[in-house]
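Both of the next two complexes hold chain A, though its partner changes from chain B to chain C.
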Partner chain A sequence: MSTTPVTPAAPGTPGVPQRPRTRPPRRPRRLGPGDRLFLTVAIGIPLAALLFFVWLPALASLGLSFTTWDGIDLADIHWIGLDNYQQIFTNYPPFWPAVRHNVIWLLFTALLPTPFGIFLAYQLDRKIRFTRIYQTAIFLPMVLSLAVVGFIWEIIYNPDTGLLNGLLSAAGSSHHIDWLGNADLNLWAVLVASGWRHTGYIMILYLAGLKGFDPALKEAAALDGANGRQTFLRVVFPAMKPVNIIILVVTVMESLRAFDIVYVLGGGVGSKPGMELLSLLITDNIIGESSHIGYGSALAVVLLLVSLAAIGTFLVQTFRKEDR
Partner chain B sequence: MTRPGAGTTARDEPPRTGKGPRRQTGRHVLLAGIALLWLVPLLWAVYTSLRPYSDTAKHGYLSWPRSLSLGNFTDAWQQSGMPHFFWNSVLITVPAVLGTLLFSAAVAFFVSRFDFRWNIVLLMLFTAGNLLPAQVLITPLYRLYLLIPLPPWMSDSLLLYNSVWGIIAIHIAYQSGFCTFVLSNYMKTIPKEISEAALVDGAPVWRQFFQIVLPLCRPAFAALATLESIWIYNDFFWPLALIETGDKRPVTSALANLQGQYFTNPNLIAAGALMTAIPTLLVYFALQRQFISGLTIGSGKG
Partner chain C sequence: MTQQSRNPLAARDPGRRRVVGGLFGLGAAALAAPVLTACGGGAGADPKTVTFGSNGADATPKSAYAALTKGFGQDSGLTVKTNTVDHDTFQKSISTYLQGTPDDVFTWFAGYRMQYFAKKKLCTPLDDVWDKIGAGFSDATKQLSRGEDGKYYFVPLYNYPWAVFYRKSVFKERGYQVPQKWSEFVALAKRMKRDGLSPIASGYGGGDSWSILGAFDYLNLRTNGYDFHMSLMRGKVSWTDPRAVATLDHWRELTPYYQQGAGGRSWQDAAQSLLDKKSGMAVIGLFLGQQITDEAIRADIDFFPFPEIDAAHGQDAVEAPTDGFMLSRRPKNADGAKKFLEFLGGAHAEELYMGVDPSNLAVNEQADTGSYNALQKKSAQLIASAKHISQFADRDSDPGFISTVVLPGLTQWLGHPDDGTGTLKKIESQRSRFFTA
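So, the complex of A and B:
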């Protein structure tokens, strides 16, 4: 991974310093009617597509969450206020397990694969041999689709034919563990598979950040007698704030969005005991034969609100500088 | 926090200079071990896929192979209609990537080269749109797709639902958020003097866009095209929810059919799963640099 024109460290050509944004003297722009038409079309079509296919459905989900609807005839939509939410919170057995599992997913991902990916990036960010090979091996799962990752782990976890039970019995254990069928185990089995993929992602993001890190800071820390861990915790890590925020957002969003891998490992539609997640419950309620659109939408809004907290943090952090 | 070994560690620290052969070896053992561990699931899938089902049925999966062959790959290719599903993936991925890049280039051009009041709001709207979980959109989107008619030459269902156009549309709308974010950061680094000179020469805005800014963004386009191709090709959820007929689905979603059909034959499923991954692996190995810089230019801002 040598330097490319688009590495974060050098977003521009080296000779051209980032110009401070000067606002007032930018007036001589005379846009003719043709220019205006072009800009309107150029921005109008993408904006219309975004609003129509993304934001309109998001808002509609919010609206539908206050209704009851079987999803067939538009005339059958009835306003029921907050009933769906009340039902979900008090009278929908898979809801709280799903919330708990989403939280476990987030905590697991944030506490194991994420720091591990950062650790690996820190180890790889030196001129050592084979670093490309190590990086590729660890990053490779990220190139595979989550569905393919699911299938690959399926043949590891399969109770009869899988690698894991094969190894266990070769080691003399007579336990026959149903990794994906056991409600106490299956979430963790899926988390291992998901962490396998997540680690490489974080590693690459952090590695890119480290490339933009000023080595002089590290040298100064070393001169002051800081050891490796101190240098990392007190100098490198704090200086990497922008990347840390991205990683935080990526971790939160991936945990909230988790779907494909659970869908594949859980064997399709219908949440399996032990593997309930908000994303799966939503799909259950809207795709199945008896669709409960209101329910599904209320679940979607819960997911939306949690996501917006993460998205908002990210946007504020990213755009604050420019707003001034 | 000063440990006895602190002195030696510190001497290792100045990057790019210190060798410390013992530490170096230790690091290599550690990293090689982890890298190997990371490859195990993939290698196991490859090993499984290369063995005939009869062999594994008789001797178990954890056994030495009597024979290895590509039989599962040819079987999966022929019996499950993989060529057809691959073609569906191409029909979705190519227009979706091109559309996403064109749309996001236009928006990025607008927000990064002109000082309009709503630029930041616009940029936030696009960026945030890409971060919304797909499940939040799916119910209304599904309904919307059932309401939008298409002419017969575009869709034999006569609806946006159950047509590749619908999948292309949602990919473009959804993915343009990420690409707009990246491209607008990139375009801000292009000196404004360049387009100002063009303006003085009387070049209209559309020429600045197509003949000056777009060509200068070529590296960013290469990176994003690589990344988006893999993402869109790998996508699983939209076709699952928005395409009813199995045979119109792209190869990643069709894999689920394969699993249902042959769930007793893991060897065949492994072959099928690996086969769907081959295009992404090829793209990745050929364009590794572009792929990674695509992932990281989004994060490198700050």
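So, the complex of A and C:
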């Protein structure tokens, strides 16, 4: 309702009250009250949801990790400081195997199924016959939930009636291999099962990238006399950088959150010898008849820190390059 | 407010508001949903309905429980709404289940495992129910149904013994003798192996690792006696005690005779190998019978009590877990639920249940045992002659301790049964975390 004609308000914006100082006039607001209300709500609700569903539980876990609690009566929460962490790092037999297995998982996934998926995508992009059939076949596991993938591999690994041992004995081998029961073997058996699915995922991601790839670049490489390997390594792969980053993120994420397939192949009872993972140890301690919420939270905080370290490194790397 | 009509954007305001309003509504609905379901049952609870949470998801127990609820419905005119959850899942989520909106009556186990929830006040005392059903039960059973405060919290339905099962025809064909003593037992296993059998059927793969506890309990009961076993289970003695070491030493003698590939096999597959005459013996519970579909084979199955290790203890203890029912802390239909529990504790319910599932034994002494098969009769005798009855490691002890510490430790050790002391040390280092009070 300002009637002073000093401020050159743009038509349709609220007038800004004149200030008696000699400061340059503030930039006029471009948003009306309705817009502001809308923005407050549109940002406020997701923000509230984020705080309530993500940050509150995360901070609560952090807080609970310094306590001991059976999860039943709030009055039973007792502050014990760093005891949980000290216990976990010095005196929790499955902890270090779990860390080791998480690292193995990450390395394995990054070094075998991921490059293999890229390789398959590159081959299938070359318009070979039946390429759609191959694509579908390789992508098929991705359509299934990882838990279902677990059930499928359970049938393959069954020591008595499973496919693998059946083939082995048909081939005349008298070895009876306990794929999922042997603590030295079961992690690798699970990794193969998870890699089976991961390959298809990476392949489809990379294939999507290749479809948008400018064929002129390849032609130019061919004219320059580059062979197939050189074309891929020197031309295609560097040009696919955005897709490569996505693949890297997906691989790290899938490795850190590895849980369901191990849970299924381990029989749905949490960690088994040879298959301990941080995510499983957390559920072991939190879910169950006598839960140790504090202890489990401390484990969850450890996993959170590991994830943050991985994600943080990645983000810093990406943004630093973009700033250049 | 001259700006009201300033630009065409204003005309879109209602649309925007509707969108925002819709968002609000969705958000509110999402936030309210859990709350609504949480208290939904309270106000509108139907006095004619009792809800029943069952862990009997396998075919046999499921139809047996269905026979029970149907029988109760006919007697009382009340309807029982059954909510069946897979056995392992039920146990895993019991703590959250009981704190949320549990069914009025739910299946559970006797022993320390029941007492834990009684202590946490997650269930209702049942002394008034026991006033009516108490006459049917022995003192030992009454003891099993009480919490630490002396009140009743549990209505038992059946129990079943663990023993060493075998096929009579296999023993007859090969001339095997039922072993009484440890040395005879090991010698028999050795001979079976020479004869090309897997001496001891075993499958503790996947979610079945609990099944190895049967052997552990018996080995410890026979080596060190009931009192030591219970102290060990309740966290009162050290797991590195030389007596516990002796238990593992005996177990180690047996491990070469375990069926190969046990860590990846289910108990059902292991039981099947016994029924198929590929394995000679199995340390398992009477529920093995649920695996039998051919009555001719059922007649060929027999068992003997776990052999004696130390003459001082002989075979005086029998492991016979008891299953039954509890009442949740705030039942929606308390009167109906108590009526249902009175029915479940009665002889008629036992008969209905055993009529469908003949691999358990009625706990109520007034139940008619005339229709028992030979295995059931022998099992009942075994339990009746026992001086001590243990439940099962995960029922006699803190289940969290057993499932997150003892079981992983022992299964790992079974894979390479060399360093028993090291395994026990690992278990011992975790004991104080579970047994502080």
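The criterion applied here is as follows: the second predicted complex is superposed on the first by the 281 of 324 C-alpha atoms of A that agree within 3 Å, B and C clash if a C-alpha of one lies under 4 Å from a C-alpha of the other, contacts with A are read in each partner's own complex, and residues count from 1 in each chain.
To be clear about the criterion, contacts are C-beta pairs under 8 Å (C-beta built on N, C-alpha and C of every residue); 3 or more make two chains touch, one makes a residue touch a chain.
It should be emphasised that the depicted structure is a prediction, and the values quoted were computed from it without experimental measurement.
Legend: residue contacts after superposition of the two complexes on their common chain; A:115 is shown touching neither chain B nor chain C.
In the superposition on chain A, contact is made by A:268 with both chain B and chain C. Within the superposed three-chain model, A:93 lies in touch with chain C and out of touch with chain B [touch as defined at top].
Looking at the shared chain after the overlay, A:57 reaches chain B, while chain C stays out of its contact range. With both structures placed on the common chain, the touch criterion links A:295 to chain C but leaves chain B unconnected. After overlaying the two complexes on the shared chain, residue contacts for A:238 are found with neither chain B nor chain C. Residue contacts after overlaying the shared chain place A:311 against chain B, while chain C stays out of touching range.
One of chain B and chain C touches more residues of chain A, and that partner is B.
In the overlay built on the shared chain, the residue A:183 is in contact with chain C alone; chain B does not reach it.
When the two complexes are laid over each other on chain A, chain A has residues 1, 11-13, 32, 34-35, 38, 42, 45, 49, 71, 154, 158, 161, 268, 287 in contact with both chain B and chain C. Contacts from chain A toward chain C in the complex involve residues 1, 11-14, 32, 34-35, 37-38, 41-42, 45, 49, 70-73, 87, 91-94, 154, 157-161, 176-183, 186, 265-274, 284-285, 287-292, 295.
The part of chain C that touches chain A in the complex is made up of residues 1-3, 6-7, 9-10, 13, 16, 20, 23-24, 27, 88-89, 91-96, 99, 113, 116, 120, 122, 204-209, 260-265, 269, 273, 398-401, 403-404, 408-409, 411-412, 415, 426, 429-430, 433-434. Of all residues in chain B, only 1-3, 5-7, 9-16, 24, 27-28, 30-32, 34-36, 38-39, 41-42, 44-45, 48, 56, 60-62, 103-104, 106-107, 109-110, 114-115, 120, 122-129, 131-144, 169-170, 172-174, 176-177, 180, 185-186, 188-192, 199, 204-206, 209, 219-220, 223, 230, 233-237, 240-241, 252-253, 255-256, 259-260, 266, 269-270, 272-274, 276-277, 280-281, 284, 288-293, 295-302 touch chain A in the complex they form.
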